[in-house]
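Order as written gives the chain letters A, B, C and D; numbering starts at 1 within each chain.
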C-alpha cells in the first residue's frame, strides 16, 4: 500500500514481480478488514431504519395503537434466541482468541458450536414468529416486530453462511497445514487471508449479536 | 454481503502472473465436475431461462401462501405472488448468469485459485466476468440503454403536456409513464458514473490491476438488467401511481404494478450498495505504492465520497422498501395511521435516503469535471484540498438536510429553521467546486475540446440548478415552489444539466481509453451545442411554469400555461434529437467506422493514460510506483506521474503528460481529425 | 519562457482580475436594480394575501442576491473562454498555480457569510408570518393576532372539500374566505397524502391522513384564486382542483349564512366536526386489512 | 492485438501511434445495427401503442334532441383481467351494453340519465356526497321517488356516486340490500336482478371539453381506503364526459 509512499527525487527501481505478490496479499487483507467494517456500517444504517421506525411510531402513537397491552411476543423464546446468539458470538470470539494461541482444535469446536447455536437462534426466532398472539398489522409495535425479525434472521443466515465457508475451508486444509501450525500458525499467504477473514467474521458475528441484544431491549424492555 | 467477503484470495491473479507452487502452498483445487454442456453453462440464455423459471416458482409459491387472504380474493391482486415471483426471477437471473456457482462451491471448503478462462472477443461482454474493464463497459452500455429508455418516457410525458385539456394517454397511463420515467432515471442513473467510470477507471487511476471484490462488482452490474426489466414490466401490471417517491399510503393502495417498483428499486439498492462498497474498499486498499491521499486524483475522491453515500444511505431506502413490501404482502401497518403506523414514516425514511441520493447524482459530476479541467486548462487543479473538502463536505452534510423535502408536510415544523440552515450550508461546499473550477480556469491555456465544452455546460447548468435550490431551501419561498414544476426544473438542472453533461463529457474524454476508438469531434461539437441549447430551452421555462402555479405530475394544467408548456415540449423533442445525435456518433465512431485513437489523445498526465488504450487484461505490465500528482501541468520540476514512463516505453505519454513549460507538442484528435 | 514571466503573469493577472471585477460590478449594478425594482413586483405568487406578498418579498430578496452570483460565474467563464484559449496544434502549459490561499479564504468567507445571512433571513421570515402559509403541523408556532376564521380543508381522492365549523359545520366544494381576516386552515386527508395549494394565497400544506396540518392566511382584498393538489395522489391528481374566492367580509357572511341554511339537510349527514376523521367513524373503508383487525381502512 | 490498424494515420510515427484496432467487416456491423435499430423501434412502438390503447369512447352525439343515457353499475364485472372489480357500464345508441366510462355527449343539450344500480350499498367516506347537486332541480328520482338527499347511514346505504366535479354534478346511487335474494353476478345485468333505478337529468355546457367524473364511495374493495383498483382505473369507476361542441 503506501509503504513506499515517501519516494521522492529520482525514480525508484520498479517493483519486482514477487513484491507484487506481497502487495496483493496486504491489499487482500486490508480489503477484508475495510470491507467487514463497511459491511457493519451499512448494516447499521439498515438496523437504524428499524430503530428509527420503532421510536418514531412509538412517539406518534397514532390512534393510540402503538402497542396495546395484550400484544406480546413470547418473552421466553425471544430471550432465548438473543442469549443463544450472544453466547454463540462470544464462544466464537473465545475460539478465535484460542486460535491465536495456536489452539486450532479449540477454535474448530467453538466455530462449529457457534454455527449450530446460530442456526438454533434462527430457528427460535422463526418459531416465535409463528406463535404470535397478534396480527402483523395489529399495531405499530406489531409491525416493527414482524418486520424486524426476518431482516435480522436474513443477515444472520448470511453470517452463518460465511462461518460455514470458513469452517469447511479450515477442515479441508487441515491435513495440508498440519505440522506447519495449522490455521492458527501457518505463514502461507492463504492462511493469512483465511485468518483475516476469520477476524472480520468474528467482528460481524459479535456485531449481529449485539444488535440482537439492543433490539431485545427495544422489544421487551422499552416496548 | 458476506458471500464475497473472503474471496480476495487470489482468484483474479491473471494466469500469466501466477506463481504456481510456492513452497508449502496448497495445490489449487480444480473445478472438475462443474463442466456442463454449453447450453446449460452460465450465460445469458441460461440466465433468461432461470429467470423465467424462478419467476414461475416464486409466483406459484406466493399463490400457495396468500391465495386464502381475504384481501387477495376480493381484489384479485396477489401482491405476495408477484413480489416472490420477481425475487425468484432475479435470483434465477443471477444464478443463470453464473453468480451463485462460486459461493456454493465455497461452501464445500474448496478454493478456486485459478482465474476463470479469460474470454476474448465480444462474447465476454455478455457474460459474468471478473475483469473490471469488461464490467465497466457493460455498465456503460447498460446505463446508456436505461437512460435512453427513460428519456423516451420523458418525451411521452411532454407529449401529453402539449395540451392542457385533451389527452394523448389519459390520466392513468400518464402517471404510469411519469412514475416509470422518474424511477428509472433516479434509481438506474444512480450508478451512471460509479458504474461505468468508477469500475473502469478507478483501478487504472490508482495503479491497481483489479478491483477488491470482482465478484461483487460483476453481481452489481448483473442486477441492473433485472431491475430494469422488472421496472418496465410494471407497465403490464397497470403501472404504479406514485412517481419515484413512492409515497405511502398511496403506494399501499396501488395495484400490482407497485410491486414491480418495490422489487426493482430493492434490487437496484443492493446493486448500488455493492458497487459503492467495492469502490471504497478498492480505493482504500489497492492504491499503488506512492499514491498518497494527496496524490489521489480528484475523480477517485469524488467517486469514493459518492460511494460512501451509496453504502450508507441506501440501506435506509432498502429498509423502507422492505416495510412497504411487508405492508403490501403480510399486511403489517408501518404506514397506515389508523393501525398505529404513519405515512410520515415513509417520508422520513425515503428522504433520508433520497437526499443523499441526489448528491450521489451530483458528486460524480463534480468529480468528472474537476478531473478534466486541468487537462484542458494545462494547469494544476486549483486548491485540490478545497475541492476534496467540498466533496466530503457535501456528502456528509447531505445526511442532515432531508426534511427540507417536508417543509409543508407538518412534520416537526419547529425543526424547519434547522433544516433550512443545513440546506443552505450545503451550498458552501458546493461553492468550493465553483471556486476550484474558476481557479483552474484562471489564466489557463484552454483547449475547447468537446469534453471541455461539456465541462463548461456543466458549470452553467449546475450554477442555475444550485441557485434555484436556494429558493427551495427558504421556507416561505418554498411554499410556492414546493411540489411544483420549479422543483422539477431545479433537479433536472442539477442532474441532467449537471451529472449527465459531465457523463457525456466523460464519455467523449474516456471512450478512447476504454475502447481505443475516438469519437467524432465534429459530431460531438454539434451534439454539445444542440444539447446545451435545447436543454436550457426545455428546462429554463419550467422554472417559470412552476412559479406560475403548475404542480408536478399533472396531466391537466391551467390553459394560460399552454404556450410555455408547448415551448417546453417542442424543446424537449429537439433535446431528444440532440441526444440521438450522440447515439449516432457513438454507434458511428465506435462500431461502424471506428477511428483508432492515438495514445493519450488529450495529453493528460493521468495514470490511466500511462497504459495502452484499451489497457491489457492486467491493466499495467507491473504495478506502478506513483511519483507525483497527476495535475502537475506547468511545473517544470515535476516528476512524471509514475515510474511506468521509464525507458522502453513509447515517449508519447511522457511527452504529452509532462510537457515542460513552453514546449510544444502536437495536439490530439481535438483538432478535427475526421477520416 | 523568460525568467521574469512570473512577474508579468502576476501583473497581467491583476489586469485580468480588475477587468473581470469591473465587468461584473457593472453588470451587477445594472441587473440587481432590474431584478429588485422591475421584475420583483411581478414575481409570483402575487399579492393577494399577506403570505403571498411575503413569499414574493422572499423571492425578490433571493433573486437579487442570486443575481451577482450568477453574473460572477458567467462573467468569469466567458472571460476565460474568450481570453485564455489556446488554438492551433501547439499545446502550451499554463502557469503553475496550485492554490491561492487568499482567494480561497475570501471565497469561503464570503459564501459562508452570504449563506448564513440567508439562513437567518429565512428563519426570520419564517417566524414572522411569511412562513405562516406553509403547513406547520397540528400545533403551529405562529398564532393569529386577532380573531380568526377556522376553515377545514378535507382532501380525499380526488377532491377538496371545505368545512366551516363556525357555520354549523357546513361543507362546500369551493372555498370562500373573507378579506382582511386571519384564516386558519386545518388541512387533513381522508385517505392518502395530498397537498392543499391555494396558489394566489401563498398557502401550501400537505394533507395527511390522521393529521391536522395548520396554515394561516390573511387575504388583502377580494379576488379569485385556484386550489390545486400539489402532492401526487393517484389517478386524478392533475384534475384535483377547486375554485376559491376572497370576498368582502359582508359578502362572506351573507354567503355563509345562506349556504348554511341551504346545506342544512346535507350537513345533518356529516360526522361531528373534528380535526381528523378516521375511516371507522362512518364505517366506510376499503377492508384492505382483514376482519381480524379493529379498523378496516 | 496484432491486427493492422484501420486508421489512416501513420503508424510509423511513434508519437502518434494509433492503437491497433481489429478490423471488422463493415457490412456485418451495419446489418447487426440495422436489425437492432429495427427491433428497438418495433419494441418502442409496441410499448407506446400498448400505453395508448385505452377505454373506447361511446358516441352519443348523433341523436337529435335530449340524449337518453342508460347506465348500470355492477358489483363485479365478471370478465376481463379484473373480474372482481365493480364497474359502470353504458348502453350505446344501438342498445348494446358497453364496458366504458368515456361518453361522448353533445354540447348544450339535456342529458337524461337512467342508472340501474345492481350493487349493495354502504357508507360514504365523506357524507357530503349524499347530497344531490348539479342536476335539474338539484333532484333525482330514486325508485320513482324524487329525492334531494340520500342518507348513507340509512336503509341500504349508497353503492356508488356519479360525480362530475367541473359541472358540479353529484348523484348518490342508492344501493340494494346486502341481503338481496337475486343479486346480479356478472355484467351486463338485466333488470330481472335486484336493482334500484335512479334517474336524473343535467345540461351539458355550451362549450366543448373533457369533464372527468368519478365515484366517491370507497368501493375498491380490498384496496387501502377503498380507493385503489377499480376506483383508480378509467373504465371502471371513473371516466370522462367528452362534450363536443
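Assume contacts are C-beta pairs under 8 Å (C-beta built on N, C-alpha and C of every residue); 3 or more make two chains touch, one makes a residue touch a chain.
What you are looking at is a predicted structure, and each value in this text was computed from that prediction instead of being measured.
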Going by C-alpha centres, which chain would you call the most central? B
How big is the gap, in whole Å, between where the Cα atoms of subunit A centre and where those of subunit C centre? 47
Subunit C to subunit D: how many Å between their CA centres? 34
Cα centroid separation, subunit A vs subunit B, in Å, comes to 29
Which parts of subunit A, given as residue numbers and ranges, touch two or more other chains? 62-63, 65, 135, 137-138
Among the residues of subunit C, which ones contact at least 2 other chains? 191-192, 210, 234-236, 239, 278-279, 286-290, 293-295, 297
Two or more other chains touching the same residue: where does that happen in subunit D? 212, 220-225, 227-228, 232-234
Line, ring, star, complete or other: which describes how these chains touch one another? other
Could you list, by residue number, the parts of subunit B that touch subunit C in their complex? 69-71, 74, 171-172, 174-175, 241-243, 245, 247-250, 252-254, 331, 333, 336-339, 342-344, 347, 377-386, 406-414, 416-417, 420-421, 424-425, 427-428, 431-432, 434-435, 438-439, 441-448, 456, 459-460, 463-464, 467, 470-471, 473-480, 482-484, 547-549, 551-558, 603, 631-635, 656, 659-662, 664-667, 671
Please give the residue numbers of subunit A that touch subunit B in the complex, ascending. 1-5, 7, 11-12, 14-15, 17-18, 20-21, 23-24, 27-32, 34-36, 38-39, 41-43, 45-46, 48-50, 52-53, 56-57, 60-63, 65-67, 135-144, 146-147, 151, 158-159, 161-162, 164-173, 176, 180, 186, 188-190, 193-194, 196-197, 200-201, 204
In the complex formed with subunit B, which residues of subunit D make contact? 5-9, 14-21, 26, 29-30, 33, 44, 47-48, 50-52, 54, 82-85, 209-210, 212, 220-225, 227-229, 232-234
Which residues of subunit A touch subunit C once you look at their complex with the stated criterion? 62-63, 65, 135, 137-138
What residues of subunit B sit close enough to touch subunit D in their complex? 70-77, 152, 156, 165-173, 176-177, 235-236, 238, 241, 249, 252-255, 336, 516-517, 587, 591-599, 612-614, 650-652, 655, 665-666, 673, 675
